[in-house]
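In the two assemblies presented below, chain A is common to both, partnered first by chain B and then by chain C.
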Partner chain A sequence: APWVPVVGLEIHAQISSNSKLFSGSQVQFAAPPNSLVSFFDASLPGTLPVLNRRCVEAAVMTGLALNCSINKKSLFDRKHYFYADLPAGYQITQQRVPIAVNGSLSYSLCIDNKMSQMVTKTVRIKQIQLEQDSGKSLHDDTRSQTLVDLNRAGVGLMEVVMEPDMCCGEEAAAAVRELQLILQTLGSSQAVMAEGQLRVDANVSVHHPGEPYGVRTEVKNINSIRFLAKAIDYEIQRQIEELENGGTILNETRAFDSKLGCTVPMRDKEGQQDYRFMPEPNLPPLILYDAKSLPANMNHQQVINIDWIHERLPDLPSVKRKKLVEQYGILPEHSFTLLNEDGLAGFFESVVKQTQMKPKKVIGWILKDLLSYLKQHSLTVKESPVSSFLLADLLNLLEKKEISSTAAKQVLAELWKGEGKTPLEIVKEQKLELLQDQKELEQICQAVIDGHENEVIMMVLG
Partner chain B sequence: QKVSVEVLDHLEHLALVDFRDAEGVERLQKAIQFADQLHEVNTDGVEPMDSVLEDRCLYLREDDVTEGNCTKELLENAREKVEEYFVAPPGNIPLPKLEERETFLQGS
Partner chain C sequence: AALNGGLRSQVSAALKEGRVAPTELCQRCLALIKSTNFLNAYITVAEETALKQAEESEERYRRGQPLGILDGIPIAVKDNFNTAGIETTCASNMLKGYISPYNATVVQKLLDQGAVLLGKTNLDEFAMGSGSTDGVFGPVRNPWSYSKQYKEKSVPKSHSEDEESNWVITGGSSGGSAAAVSSFTCFAALGSDTGGSTRNPAAHCGVVGLKPTYGLISRHGLIPLVNSMDVPGILTRCVDDAAVLLGSLAGHDPKDSTTIQDDFKPFELPNLTDVSKLSIGIPKEYHAPGLSSEILALWSKAADLFKKAGAKVVEVSLPHTRYSIVCYHVLCTAEVASNMARFDGLEYGHRSDMKDSTESMYAATRREGFNDVVRGRILSGNYFLLKQNYEKYFVKAQKVRRLIANDFVKVFRSGVDILLTPTTLSDAAPYTEFIQEDNRTRSAQDDILTQAANMAGLPAINVPTALSERGLPVGLQFIGRSFQEKQLLTVAKWFEKQVQFPMIQLEEVKRHDSDVFHHQKSASFS
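Let's turn to the complex of A and B:
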């Protein structure tokens, strides 16, 4: 009987803000240990949480971008567990009534790895909640101790919960990639996985069609989108094999080992956790307003207007792609590649502005020649030795038929060296000009024919 | 209705409390009985109140950096430190199982 895998995701995105969710200490990636920690973050007695307005706005923006209903009243709770990097012994989160619920995220997949056949899928967003990040634990196994740095403790997180609407690693990876692009477009999170700004846990189970869902496992410690797909696919296979061999699946938490490419049970996770949720007694409900409910006599700075935020949302990736296709006549799959690479869409548009060549032709140079070179040398668009100005200059020469397509590629190869030469200079140096003079061309052809009498006779004879 | 040993053991694990003796457990039982009186009130159609602050305005702070940079002060509280890190045991040290630890509950 066939197996149906079921995949859900819990994504934690670090909010892009200057200070933390409930305190005024700075949010910054690399800093001396325990230098970005306030008394509240260290959970010293007598301190209280004070909510950061920017974090609320980030969550509202994200909720709106994901088609959620924004809860005008949401609540904060305490989630209790013991760990050295959680000094208070609890995390402030939104378990009962989160800030946003019932949204959706559309993403695209290539069928059979063919970019020309793309299909759109949707995953439901169960909720988005605001919560605190924990500190960082550095395990020193040699000295049998853990070093704790609280710089990250208290940083604002948006937890985005995706319903189990996905069926494999590829779908999960595509959904997360789209979410990442949305967050980066909104600016609510920089969502760089490598810096821990976007962390993904996968919930995986398998069952036979028509039967109830199987026991699910939670997979953690996934550090990139590529590993996300691998971890999920491995876990699906592991569960299928286990069940086909008559075994059972434990409702456990497993860690992905990227070196071995497999999932392993996690230590330190003793059975089922009881978090003893309780309302956060120090925070009243969070009330948000819209144009209709806006209170008349309230301090402007104390009011968050959902409609105001909605009006100012930037174009989301899906809208940007549509506009690129409509404006420039490029293919949908081209628009995906353009947006997938930071700065590439801007580079493309910049070249189009500076050249007479049609966008449909320019796109080939951007996606094939420019992008492949950048990939080969692990460069970002920003680091490209060839600027949009230089490329446009080159394409103009080609468009005016002053050089051939082959010659253009040669010039480009020379431009990559970044020696500061212009395309025209390179063309002259390497004598790549196309001969336009009819008479000169005839003379050359005649000379070739004259110089190869035998070959000519062979050709004429057939 | 008495609180079972399993629940008491569970609470000792979760909250790292120690019921210490029969009097401690009895006090817990009485506290639960006292709170159970709440069930006598008819709350049909009434929204639960979980804080007397529910009508207060939740103050929103501007996103400015106003705190931090007090590593030395914070580390003064640490029993052990390494450079500027707090030092903790290698992982959670779970409370030993009921049979293996010294707790009044063993006798119950």
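Let's turn to the complex of A and C:
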């Protein structure tokens, strides 16, 4: 009987803000340990949380971008557990009524690994909640001690819960990639996984069609989108094998080991814990307004107007892609690649502006030639030794038929060295000019024919 | 004379006119603290910093630029308020030696107005208790135990028995603050009130104890017991002084999201003469089991006083009063369990030497750091918060709380302005008797008359009324509408004037300030 894998995701995105969710200490990556810790972050007795407006706006923007209903009244709760990186012994989160619910995210996949066929899928967003990040603890087993750094304790997080509408690693990866792009476009999170700004936990289970969902495991410790796909696919396989061998799946938390490429049971950190949720008594309900409900005499500094935020949302990736396709006549899958690479879309548009070559032709140079060079040398678009100006210059030469496309590729290779030469200079240096003179061409052809008499006779005879 | 006077009417005037200097006041208080050491009212006396503050105040008076009425006034603060540079212990081993890096907002406000911080007062550990007997620094003794009034009335059981075994408790948990004000070692003190912790000791020590409306005064820096019920409390020798303190402390604090945004305007209390427009409510449920006949009679007498003066006095009903203790215990222990979770020995406070694992370190630290009252409440609270119990206990208690609060809303809506009730069931018990029952039993008994006001967030005040047959203070409580402190205090002041509660006659005070007893009759000054 076939197996149906079911994949849901819990994504924690660190909010891009100057200060933390409930205190004024700074948010900064890789600062000296315990240098960004306020009295509240250290849980000094008597300190109280004060909600950061920017964090709320970030969550509202994200909720709107994900087609959620924004709850005009949401609540804060305490989630209790003891751990070295949680100074208060509880995390402030939104368990009862989160800030946004019932949204959706559309993402696209290539079918069969060909870039030519893309299919659009949707995953439901269950909710988005605001919550505190924890500090970091580093276990030093040799000295039997744990080192605690509270810089990250209290940083604002948006937890985005994606319903189990996905079926495999590829879908999950594509969904997360799209979410990442959306967050970066909004500016609500920088969402760089390597810096811990985007953390993804996967919930995986398998079942036979028509039967109830199977027991699910939670997979953590995934550090990149690539590993996300790998971890999920491994876990699906593991569960299927386990069940086919008559075993059972435990409702447990497993860590992805990127070196071995497999998931392993985690030390029971949370297990079957009872978090003893309780309303956070020091924070009144969070009330948001829209144009209709906004009281007339309210100081606009004191409130958040959902409609005002909605009006100012930037073009989301899906809209940007559509515009690129419409404006430049490129294929949808091209627009995906353009947006997937930071700065590439801008580079493309810049080249198009500076050349007579049709965008449909330019795109090939961007996606095949330029991008492969960048990938080969692990460079970002920003770091490209070939600027849009230089590339446009080169493409103009090609367009005016002053060089062949083969020659153009040679020139590009030379430009890549970044020695400061212009395309024209390289063409002259390497004598790559296309001959335009008809008479000269005839002379060359005649010379070749004259030089290969035997071959010519053979050809004429058939 | 200054040691005894009202802040606005007497002391401030004396300071301004140079009849007494801030350093003098400070030194007198410090000396008195030393000679009343046996009361155990103070945990920490900040002698050096207090004198320095007094000197700075004196300089300001010299320049004719005092910061206000509180400039140079010696005050004491309950040891559960953060005071920068001065130890804050909550009378617990968990925080012994803990020096906070910041001032509670209320402390900062007092200091900004030039008040002189004498020290931190004793309490029940983490404010859990109604006797001020369960802190690690020992119990607080009620100054009235050593008063002429009490000694005259107490019959020694045997010749050899001295007053040592006969002393009575202050009530709690702000017993140290109440004792400090009562024994003249300071002019006002901060307490905290979660279930009656300011009003209860005020009643037993014969001082004014004000519980403000929840949300009026900032809790930032007050180490919490129950976040949704705690308020900073004010203890003074007369109602006018409570109004002065209130004026300097109330108002929105951006650091405390539960304070109201509205502007607060400090007020002076009018001298009410005509009470005919007042409607006083007498809640029948406050005739609680265990209420002493003495206090019942006093309560009755007070009601008659208002009636005779022309006020409308009506019996009212707060039907859910009898559920309030149980409700309080569920909500209180749940919040306590949560608030105490931060005491894990890692960031500050006591840390056990146990090193086997983080968990074992937590367990040992918390066992060593907390007394069994605190541990008991944590265990109960965690039980009520368990997933399977949450609806049955916590949510139910929240609903009952809403019913209790609604009782008051209904009564106030029916035209009643102020409620008049007893504050305590009886006068202060002797320590030896009090400790016969455990903390939980005592708290359940003693909180009954005071904690519904905390449930409903309402302002309430204890006004010392008369001496009991044993020569000990008995007070009565007034409960007002939310944020109507002005009306509440105005009525309380009128009542205070009518009853003319006697001043405590203490040997120690007499020795220090021979002209203090010029006016032996009353503590109210016009």
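Following the convention adopted for this analysis, the second predicted complex is superposed on the first by the 459 of 462 C-alpha atoms of A that agree within 3 Å, B and C clash if a C-alpha of one lies under 4 Å from a C-alpha of the other, contacts with A are read in each partner's own complex, and residues count from 1 in each chain.
As a convention for this text, a contact is a pair of C-beta atoms (placed from the backbone, for glycine too) under 8 Å apart; a residue touches a chain by one contact, two chains touch by 3 or more.
Predicted, not measured: the structure shown is a model, and the values here were computed from it.
A simple residue count on chain A separates chain B from chain C, and the partner touching more is B. By the touch criterion defined above, A:G261 reaches neither chain B nor chain C.
Of the two partner chains, chain C is the only one touched by A:R78; chain B is not.
Residue contacts after overlaying the shared chain place A:P32 against chain B, while chain C stays out of touching range.
Contacts of A:P314 after superposition on the shared chain: neither chain B nor chain C is touched.
Contacts of A:A42 after superposition: both chain B and chain C are touched. Using the contact criterion defined above for the overlaid structures, shared-chain residue A:T146 touches chain B and also reaches chain C.
Contact with both chain B and chain C is seen for A:L283 once the two complexes are overlaid on the shared chain. By the touch criterion defined above, A:G418 lies against neither chain B nor chain C after alignment on the C-alpha atoms of chain A. Of the two partner chains placed by superposition, A:G187 touches none, neither chain B nor chain C. Touching of chain A by both chain B and chain C, each in its own complex, is seen for residues 39, 42, 44, 50-51, 80, 82, 84, 144, 146, 148, 274, 276, 281, 283-284. Against chain C, in their complex, chain A makes its touches with residues 39, 42-51, 78, 80, 82, 84, 87-90, 144, 146, 148, 274, 276-278, 281-284. Listed in rising order, the residues of chain B touching chain A in the complex are 10, 14-16, 50-51, 53-71, 74-75, 77, 82-92, 94.
Residues of chain C touching chain A in their complex: 81-82, 88, 90, 95, 100-102, 104, 219-224, 226-228, 254-258, 334-335, 337-338, 340-344, 346-348, 355, 358-359, 362, 382, 385-387, 390, 394.
Residues of chain A that touch chain B in their complex: 17-19, 23-26, 32-40, 42, 44, 50-56, 75, 80, 82-84, 137-141, 144-150, 267-268, 270, 274, 276, 279, 281, 283-287, 301-302, 304.
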